[in-house]
Each structure stands twice: as C-alpha cells, then as structure tokens.
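Once you've had a glance at the structure underneath, I'll fire off some questions.
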Amino acid sequence: METVIDRKVHAMKKLINRVEDIVPEALQGLGAAHPDVVKIDLPNSNVLRAGGPKAGKVALVSGGGSGHEPLHGGFVGLGMLDAACAGAIFTSPVPDQMEAATRAVDGGAGVLHIVKNYTGDVLNFQLAAELVAGEIEVATVVTNDDVAVQDSLYTAGRRGVGGTVLLEKIAGAHAEAGGSLADVTATAVKVNANARSMGLALTSGIVPAAGTPNFDLGDDEVEVGIGIHGEPGRRREKLAPVSDLAEWLVGPIVDDLALKRGDSVLAFVNGMGGTPLIELYVAYNSVATILSGKGISIGRSLVGSYITSLEMAGFSVTLLRLDDDLVRWWDAPVHTAALRWAV
Amino acid sequence: MRRAIEAWLRLAAGRIHEHAPELSALDAAIGDGDHGTNLDRGFGAIVATLDEGTIPTTDSDLDDAVVTLRTAGKRLISTVGGAAGPLYGTAFLRASAALAAAGDAAPGAKFVAALDAAVGGISGLGKATAGEKTMLDALIPALDAARSALAAGAESGAVLGAAADAAAAGAAATIPLLATKGRASYLGERSIGHQDPGATSAALLLRALADAAGPDPAG
Amino acid sequence: METVIDRKVHAMKKLINRVEDIVPEALQGLGAAHPDVVKIDLPNSNVLRAGGPKAGKVALVSGGGSGHEPLHGGFVGLGMLDAACAGAIFTSPVPDQMEAATRAVDGGAGVLHIVKNYTGDVLNFQLAAELVAGEIEVATVVTNDDVAVQDSLYTAGRRGVGGTVLLEKIAGAHAEAGGSLADVTATAVKVNANARSMGLALTSGIVPAAGTPNFDLGDDEVEVGIGIHGEPGRRREKLAPVSDLAEWLVGPIVDDLALKRGDSVLAFVNGMGGTPLIELYVAYNSVATILSGKGISIGRSLVGSYITSLEMAGFSVTLLRLDDDLVRWWDAPVHTAALRWAV
Amino acid sequence: MRRAIEAWLRLAAGRIHEHAPELSALDAAIGDGDHGTNLDRGFGAIVATLDEGTIPTTDSDLDDAVVTLRTAGKRLISTVGGAAGPLYGTAFLRASAALAAAGDAAPGAKFVAALDAAVGGISGLGKATAGEKTMLDALIPALDAARSALAAGAESGAVLGAAADAAAAGAAATIPLLATKGRASYLGERSIGHQDPGATSAALLLRALADAAGPDPAG
C-alpha cells in the first residue's frame, strides 16, 4: 500500500449554475421566497425592506461580501436592517451600491451604516458616505468583535464577525421604536463594545471563482481563530472534543470582556455553513457548561448558522454582556428571512 | 497621450486577466483568495467602457487623457470592491488630477507626478506606509526609482522601465515582511514567507505601462 | 505524477465529545437554548413541550433516528409537536420512549403519532401504541412522500421525508386550534396525500459510530433519489448546474402529484445539513423558475435545512398542493426552536 | 436450561460485539450502516441485565429459562430500535412463549418449536416471506434444516448444528437477491450483490447457539 498524503483537497461541489450568477440568483431566490419581507434591487445587488422607506425612521444599511448568508440580506425587515448590499463572494460591495441603498431607504431621519471591520468594507463604505455627504445624514459604526485578532498597531484591527448579527438586531429594534440617529448609533456602539467572538474551522470553504479550498487542513486538524473569509486562522491544533474546542473560544472571550461571576450574557453559537444543527447543539451544551462553571448566566441565546463562510465546517462563539436595555431590544419584534419573533 | 493611456489600460487588463489565478492564489495564502478575480472584474469593466467609446473627447489630448484615467479610476471604484477597489481607484483618480496639474511637463516628469499622487492617495486612504506588506511596497520603490532615473536625465521609456523593475523587486521583497495592514495582518507571523498579492498586481500594472510605451508592447 | 483515485473518503470531523454522548448532549443543548419552548426528558431521550400537557388538546408525538435536526425536537412547541422521541443516530427510537412521550403529553383528547415510513419507525411506533392501548386513544399517520422510491409490492413503500415537516406544522396548528383527534388526523392524512418530495446528495454524511461515509461519490458525481439516512439513492449522475438538478427533483414530483397549470403549492427547498444557505437560495430560484414555467404558483415557501442527514451536502424539494385550509393552518402561530412566526 | 440460555446469550453478545463493524458495513452498503451498532447495544443491555442478577428464579428451570428469554426479548425491544429491534425482540418473546408451551418435550423439539415461533413472529410483524432478502432468509432455511434433522432422529446438538449451517448458507444466499422489504428495498436493483446484514446477524446468533450448546463453546 502506498502512503497517501494526509491533506485531502475537497472538490468543489455546489448547488450553482454559472459562478458569476451565484450572487444574483441567490438574491432572486431570497426575494422570491420572502416577497412580504424584502424586495431585491438586482442591478445594484441590494436587498431592501419591503414597504420601505419608512418616513421618520432611522434606516440601517449594512453589507459586505457574499458567502456569509443569511448575513446580511436575511436580516432585512421589520426591526432589523432596511437594506443590505451584497458584494461578490468574500468581496466588499462597492460604493455605488451602498450609495443606492442609502438613498433608497432614507426616511429623513438619517442612515446608520453598519460596517464589519475589514479594510475593503471600511474603505468602500467611507467612499459611499462621501457620495451622499450633505444630502443624507450618515453615521457609521464599525464592528470589531473578533478576539482572535490582536487589536494593535500591527494589524488592521479586529474583524467584525458574530457580534454584527446581534448589533443589527438590537440597533434595528431601537430604530424601529423611533430612536434618533444618535440614539441608535449609541446603542450600536454599546453592543459592539460588549460583544466578543472567536471561531474555528474543521474544514475550509471553497471560493467558487477559485475552485479549491482556501486552506487545507489535515484530517485531524482544526484551524483556530479563523475569520469568515476563509483566511487561515491564528494557529492550528489537533482535533479535540468539542468541550475543549469550546474552551479555546470561550476563554479568550470571557477574558477580553472581563466577564465576572453574576454577569448575564447572550450566548450565540454560530455554525460556519457546513456544520449541521445537531453539532451546534452539542457545542452549545459545552459552551453553557463552561459558562455555568464560571458563574456567568445565559440570559438569552441564539444557536444556528447566521454568519457563515460558504460551506466551511466549524463554529464560532459570541458573547454579549447584557443589561435590561439590550434584553428589551433583543426581545422586540423582528421579521426578517432569517430571524423572526413576536410578529 | 490619451491613446497611450488607453493602450496601457488595455494591455494591463490583459495582463491582469492572464495573472488573475496567480494573484488569487497569492491572496488565498494570506488573505481571502479574491484579488485576481476582483481586479479582473475591474479592468474588464474599464475595457468595456473603452470599447463603448463613450468617454468624451475634446481637442485637448491632455484633457482626454485625464478624463480617460479618471473614468478608469471610477470604474475600479464601482466594480472591484474589497480593499483594492477603493485603493487602486483612488490612485487612478489622484494620478488623473496630477496629470491635469502637470500641464505640459515632459512625459517622464508627468509620470513621476502621477505616480507620486497615486502613492499619496493610497497611503492616505489605507493609512499604510512602506514595509507593511502592501501594494505600497511595490509602488514606493517604483516611485523612488522613477524619480532617480528622471533626475539622472533618463528619457521617459527608461523612467517607466526603472519603475517597473523596482516594482517587481519590491513585490518580491514583500515575501519576508510581516503584514501589518489589510487582511494578511490577521495572520501575524504566519503572513511571513508569502508575496503580497497587491504588490504583485501593482508590479504587473507598471510593467504593462513600460511595455505599452516601449518598443515591444507584447514583451 | 501519480494518478490518485478520484473517490476521496472524507474524514470524520465533527463538533462532538464521545460518540455515545452526541444525542443526549444535543438534547441538553436544545433544552438549554430554548427553556421557554421545550423541556428535555433525558432518561427517555424525549423532547417535550414546555408547559405541557395541554388539557383537552390533541397531542402530537413524532420521533425518529437522530441526525435529522431540527427534525423532530426542533419542532416541539406551540402549534406543532407536543413531544419528539430521539433515537440513536439514524436509528428509530424504541417503544418505551414513545410510550413515555405518549403518556407525558396526553391531555385527554387523544394522541396522534406521526411516523415516517421506515420499517423500524413503523414497527416501534406500532409496539408503542400497543403498550398504551385501552388507556390512551392513539391515532397514527405514516408519512410516505418520497417519490424516489416506487410504492410497489417490491419495496417497503415510499419513505417519509420533507413532507413530514409540513405535516407536523399543519396538523399541529389544527390541534392547537382545538381540532378533535379525528379532525387532526384527517388534516395530517390530507397533507401527506398532497405532498411529495425528492432529494439528492453531493456528498455523503458520516455516521459517527461508523466513522466513514456511507457512500462515496466521485468529485463530479451526485446521488439522486437519496433518503435521509445516508442510504445510496436510486441512481448516480454527473454533477450538473442546479437548474438541471432542480428539474430532476421537481419533474417527478409534479408528475406524481399531477399538478397542473393554476395549482398553488407550498414550495419547500431543504438543505441536507452541510449545504449553506446561499446555495439553497440559488436552488430555490431554479425551483421557482421551473414551477413558474409550468404555470404553478407558489403560495407559500420554506427555504432552509429542516430535515437533514448529518453533514450531507445536497438538497431536497417538497411540494404541497395548497388549498385555503392548508394555507390557514400553515400561517397559524408556531413557536418552536426551528420554526416561529405570528407569536 | 436457564443456564444454557444464559450461556448462549452471553456468547451471542460477544459474537455480535466482535462482528458489529462487519454487520454495520454490510448495512452501509444497502441500508444505513447501523445494524451492528444497534444489535451490539441490545445484546450489551441483555448482558448487563444478566450481570445484575435481577431476573427472578423459581424452582422450575423451564420457567426460569422462559423468563430469561422473555427478558432478553424485552431488552432488545427497549434498546435496539430500528427494524431489527422489534423484529428480534418479538422473535425472542415468541420463542419464550413457545418454550413455555413446549413443556417437557425433548431439547431438539423445543428448539424447533421456539425457532418456528420466532420465524412466525418476525414474518407476522415484518410482513415478509422467504426470498425478500431479510433475516428470514437465514432463519427459514435454519428452521427447515432443524426440522429435517429432528425428523431424521438427530440429537439436539446436531439439530442446532444443522440450523446454524443452514442459516449461514441462507445468509450467503441473500447476496444475489433483490431486496423487497426494509431499507434495502429502496435501492431496487442496486440491492443485488450484497449480503443482507439481518440475515448475517441471524446466522451469527444461531452459530452461537450451536457453539454454546456444543462441546467447544469457543469454536
């Protein structure tokens, strides 16, 4: 028998037609499945809230590369986003579409741009804000909750990951309730300040245009500290029981947030796209056990694949320190393709 | 001069298309694997706009060159996305403005002024400096080399050649660098040992410029 | 260079602790994440509706092997199931736990057993019904909506797949509204009679106890007509654009249901566990295009991974012929871990 | 007789455990790959119950044997799941009842009566007959062979041996069959060419019975 190299390159097998049609077809599919919730601006590759713009309501616009579904288009609707700009897969959208989205949803009360901290996203949203300057009041919040990245002079800063989902829900609720642009922005900033995340991958996703995995992992390896764009992580470890994996993620988050006994958190266990729900619940069980061991109570939770990286297998943990206000906004009605309650 | 710029843009688009897989592969190693696809989309859009023939022409060749370059920059901003879209787009816009300001300076001096403005635009927007393992590590050495060549009295072809050579060397010299800007910075030490995709594409663009202007555009 | 054999065996990489703890830990995770919706009977491996039993309400009990999450435990709650029995992975639960569930949820109005048509599930539920005979009135509906299997003397009959999800929602709504056991059973039978499904796989899932994929597919192959237990399908085809794949699934369903121009359906595009949402929306777009070409209108839709087969990549399509009653029950409030609206 | 049954159950549990991977592999080819794990769980539960020593004993060895077999059947129903759990469990329950009814017949005749009842239980519950590529394709030939041996005046050891041999042959003979019951029937023609896992486990159980009763239980 011959020795075969351990690293197997997974073939690209996807439910797609032409590679260049993935994003527009996915948007059309979203629009066809949820005509009561969203309308699709196909030329601009934007998802808009059905029935918008809402006069007098602060509008929330987010966006980013595609491949993270349901983020962001699946979060457009009552109590969350007013528009989401979809870029090419893993590529920030461009200023033109952000400008179009901003103009489409402006209800006269200003627009909040929710931007995940990646150089591309930040720069494109920055150019977009310049394009409407003087016409529409735009505030920007940049999410940077990923503790896997050192926030130092030597990096582009922490990435925006799972905390973005929570922020969009919570700030969206505040906006729906009539908060001013300053208030909604303050709530968004507060969520970002109190949320931290970290993720790991069991397998790499495959960018369709490339056709091969972004990184190759051995059969017994995990990539710890990955982002959502198939970037390699900070370190590689041997595969371990999920109770260990959960420790690797929860520990740094708890430290960074300086969570202490008696604190209450929203615990969000997120699948990376290729991980089935049964595993996410097993992972959530480990996370809950770890937190309870630290005397941290879980006030609210979210388990599912909400910010993904194509078909990557793996999970991320996000913890958000809760207070009464945040709980109230979290519980408020939301009606989007991916999150819905109380309505 | 408009024709020279258009020739360069077309040649650059071809080179980018040809090297797109390689650029994306470099990006996959320390980023997200889309740099080649992104630029290919952008330069494809520029060529489509050129083919449409909708860029207005005047009787001033300089004005036409400026508009062509500005249009190209806008197309990049509108179609590339990611980090490279705003950065290259801004670079083209600034270069276009510098060209307009350079009036009737000699070609070599115009090029230096434009490249200087481009570098300023990129470093201003991206808040990066030399040695951070970005496209600037091709462009800054290129600017220095072009400036030296110009100062030494070289003619425009030699100035462009010096810039292209320095950019290629600069791109290769990114391999041992630790990335501290852009996506590659997330990797920390693991970014060392890989060539920066943006520096690589920058070198390709400057080589295309030298080739488009030179005796053998196919070279 | 050497030729490497095309069929790659994917390694088992899962977010788990010990193999034998997967099901109980996933149940505990579900319970911890949704304490307002479910309570977990761990010794019996059952998921029970929180606050149950509901006096005077017909109770719905379903169950089956694990590995299909969120089916069935994720569908326990208001307007859907009262209990779900979780078997070992891909293995029918046993009569004892079905008996315990039936006793736990009985509110005096009778209990409907919803059984997917697999020999094991049918036999175990049959024995369970015998165990409570004379004490609790039990009706049974067996779902068999999978058109990939010939319903003939030469098979165990069609399998119960995606239609089961729709049936649990719709019959659950009728029960919540106070329908009698006979009425709710009739509604369930009607859903089963008007629903058909078919699925395909791009990759095989890996049963944890086995550790290797149940079937190996070449890099360019799809398995058409798969069930949800990793059984090989009816035939193997070359990978094709999803618009073709969707044709292969929608065609036989439309024929079997004898759908015609002007009919209205609920279109359910389901992910098999390892397929990300972006692909499901692309697939849904193809399904919607095909149906619109046939003059069949989509009255309601559901897109997501609701009945899965571990980490299998692939999708299934279920179409349910709608009438006003079914639409009304579909739209009625539901509050479960996996489906929630209007409440 | 209770001791013989207990010895058989323990030996059978060991054989099932040993062959569990093989049984699951057979099941993976035409089913869902869990047959070995399922039976291993069930027979493990039987052994645990035997170890607990909680099965009541009386002064009637036959009654004790009947109760032991019935307890084993209940454990199988309670722990195996899938198709095989109810089928084997019911088979054990029926065999237990047949044993009770057989009173003080000779051992060989008791075995035939019990196996006959087991086969009847399985085919009644599973609505299957011979030739459908199920466990019955090991058990029915075994029953026929045992009956013939008994009629030919063989003593009990030879009767069990004939049953075990016929079951093994029957299991092997399922390979060319088209499955028309159980999960394998979904495959249609593709079920041909694989040995049925249930028939294989049935043959293992009967071989263990012959071995447990015979001179060399380890054989």
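We just call them A, B, C and D in the order they show up, numbering each chain from 1.
The rule is simple: a contact is a pair of C-beta atoms (placed from the backbone, for glycine too) under 8 Å apart; a residue touches a chain by one contact, two chains touch by 3 or more.
As the structure is a computational prediction, the values presented were derived from the model and not from experiment.
Most remote from chain D, judged by the distance between CA-atom centroids, is B. Averaged C-alpha coordinates give centres for chain B and chain C that are 54 Å from one another. Annotation: 32 Å between the Cα-based centres of chain C and chain D.
Put simply, the C-alpha centre of chain A and that of chain C have 28 angstrom between them. Taken pairwise by the contact criterion, the protein chains link up end to end in a single open path, with no chain closing the loop.
Chains touching one another, given as pairs, are A-B, A-C, C-D. Of all residues in chain D, only 24-25, 28, 30-34, 37-38, 41, 77-87, 125-126, 178, 180-183, 185-188, 190 touch chain C in the complex they form. Of all residues in chain A, only 65, 87-96, 118-120, 123-124, 126-127, 148-150, 153-156, 159, 207, 209-210, 214-215, 227, 229-232, 234 touch chain B in the complex they form.
Those residues of chain C that touch chain A in the shared complex are 2, 4, 8, 10-11, 13-18, 22, 25-30, 32-34, 66-67, 69-70, 74, 202-203, 219-220, 222, 239, 241-243, 245, 273-286, 288, 298, 301-303, 305, 308, 310-311, 313-315, 338, 340-343.
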